[in-house]
């Protein structure tokens, strides 16, 4: 299929590569052009602008950092909204707000275009290895039309609903579950260290109990205080909690754990941790317990 | 070895049975005598009082509901403290406060007796199936002497430290990790239900992400609102969070997630949920979001 | 002086009236025209549009509900930004976000216009009685130029700084202090009611202790559950806490009390209280304690 | 009347002095005897032990630091419980737990003695100046019998109910209201300092708004960071919040603001502030915002 792909960060580059390998025709665009080089060698076409990446394409995929980037690349004058052909589908894989998803749905619809939210679960390695889980939502025929594309991106696609924002809500809640577990490790480790118990010993027990690779990964990162280089920057973790709290507010749904986690993220940023891995959130609990750092 | 076993609840009965099967001589005591019948058939001796269960025993194990029961069975006049022979070891497997563990340590020591904290992780089925994880702490020689006993109780023993209270702190933190995940499911499900997303769909994604039997179990219980019969009563969940917060206070270690969970437990109890499974904590988040129940 | 006044709600109408009484020439605009009638009788001129209210005016004051209204009345095409003459001053008395204040500062500056933030403390009665406290911030010469206007609006003007957003931050923090006291009454009353103590008895003590009209007013409203008609709608209370949390996030400043209050506001709204007085926030604490409502 | 008075701390000494001035016969006891000297000069009798202070007395007042001190002075062997004559009244003015108040009620009743809880509001200066507010609860005839005593202690007596624990619940809630306002100042000041606004400017506005001496006092202490010498030690503030949370737990009454304040107290203590004034709680919010200290 003919796909435009916009946003070649750590995630996007891997995803676009897999689409090429799956035999799709892919026109790629990135603000910083160097990132496209490997993809061009593997058969991608270079688009000079976002709208260039839309021309003659049945799908355009955006994999961008945040709402502001989507604003610029999709909604601004002369951007995707003005360039995409009627009937073509914009697939947003970015972790954006549910409000932005609703806005995109409305604006594309007005122009006879289609919109599907399809945020993905997985770290850069998973993007590269086609191991992502795609959570898609939108009009059923639109989502159905995207299935061959999703098949090229990940190992599983889950349909969250017919309203695109539902996929974004699911993605934000997934990240929330991880953020909470990071904070819970932070609090437990701090309390145990002050009782003279080694966090690694506790982690051994937790691994035996939860048997989860997610606990194992984060539990170890935090116990060893390996917060750099960042797998997922703390600042982005805060962004996702903020977006979730916005969604929850639109829904009148209180989320007190999310509120605690948000406050801890802010304390982390106030202490210079914005570019560390988000697991460094645990430092806030340690610091409040009077433990170094 | 010659073991006294006090407290034949759902957990204790399974544990005492496994000690018998492992070839130990076991004298059992329970306030309600009927609970001992099966064990007596399998070779246990019946003790008429807690002190009776201590006579001529190298070990006495207590598996009781809370600090108050320990107070009565161990510290009261004519109870274990007065009856245990010098050098014998009291093993407390109950989930008790770290303050009580320290008190037991001191009182036993005064009388030339020994004390080891050895709380266990696992539900009644695990107790029965010898699948418990034992977390032990105390004087190294005392803990070493207990190893054959622990081998008869579970599949693994982890040494938390030389101060008995450390084992209790670890146990309380383990339960805290579970309580937090229950609450996080509660909040996420509520927010998603208000976005029109089915909790079961979210659970499918979470299972794919966390791959943890603990998430699978609690995620399903909550999605299906199967809160009765209780595997672990909500009231006991509150007790454990309270004990943890006490420990954290002794250590000057703030635990904001634990505080949130405690408040939600109180709201649950105010709405008549104390005898439901502790996963029903999730109802509080739902109720605060205006969702039924 | 020649003043344009936009926004004749409960607050704005009183404020515009006082400017007239102080001898200023006032052109008034409101979306719903009926609201202007009394003012017209007292000498105001009717403006047909926001830009109409700017023509030939040295000052234009906006007293609007929220950022969205400011967006529409100030920033939209053909609105204040396009109509205000060079050197004239836009005074925003609305409770808006610090981000919006910064945006207004920049946009006015670009056009050679001037901008001052001047949110006010006080309820509608205070607006009418010229009892408001004005908190102003902006370029010193601009603020100085506004002093005669402020003198017509309230009993006291306090200069918060040279950055307009500072005045808005102060206003949001002031409302936060009140929201927190409302919630603290809610929690204390609920706990005391469950101890069999009458909230009014507690209020008597609190009045003796704090000697504050604010405590007296809110303490009584809550004790008597007189939540309608609303003096200040709960929904607006949530808005202000949200704006404060945004400001605090821009500053990396955690505010855990504000987070709790925000969650309680959401629960209130989920239970249909958005149009009640914001003191009805106390119902959430009562409900979570299992007390009626 | 014949009164025994036990506990001559900063509060107790002033209270006992006023009882003497009011013409009562007062036998005083304190662990450290030097504290009694001035009172002895003013006509007090010296008691060598707590039980000594009960002999021949119609009332015995305790003004002690906490539950543990009450345990020792009242409940221990040979203490007040064993010494007080039948019909005499034990008045506890200490800030103790509601559980302890209930325990005292039961134990005195068993011995034909009477018990009244009468905690007081006010700082040491108020104790000295007979400006305390007494909150009393207990059997109506007992409370009535105490009125002449209360008249000698403070400027006002408020009857909280017939269950002594009710007076203690009221006292704890009163302190909670103050602790919350301290924390709210801490959060607002931190956010404003990061916006470049001087806390003193904010305080001026708050004073104009709340017109409360309590806000004025604490707002200034915090703005000026005058945390030593302590008027009320932070450690005691934590104690009172802990007791309140226990009461709230007995009542199944969630108090999320109290939980936040408790966590902040723990962070303060972890940073060495236990002997500073409790207004230094504000430092925790500042520190979490990355502001010095």
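The letters A, B, C and D name the chains in turn, as written, and every chain counts its residues from 1.
We adopt the following convention: a contact is a pair of C-beta atoms (placed from the backbone, for glycine too) under 8 Å apart; a residue touches a chain by one contact, two chains touch by 3 or more.
Because the structure is predicted, anything quoted here is derived from the model rather than measured.
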| item | value |
| --- | --- |
| Pair with more cross-chain C-beta pairs in contact, given A-B and A-D | A-B |
| Farthest chain (mean CA position) relative to chain A | D |
| Mean-CA-position distance for chain D and chain A (Å) | 52 |
| Intercentroid distance (Cα basis), chain B paired with chain A, Å | 38 |
| In chain A, residues with contacts to at least two other chains | 248, 252-256, 260, 263-264, 266-267, 270, 288-290 |
| Of chain B, residues touching chain C in the complex | 256, 263, 266-267, 270-272, 284, 288-290 |
| Touch list for chain A against partner chain B, complex | 98, 121, 133, 135, 156, 158, 160-161, 163, 165-166, 169-170, 173-174, 176-177, 180-181, 183-185, 187-188, 190-192, 194-197, 201-202, 204-206, 208-215, 244, 247-248, 251-258, 260, 263-264, 285, 288-290 |
| In the complex, chain A residues that touch chain C | 238, 242, 248-249, 252-256, 259-260, 262-264, 266-267, 269-270 |
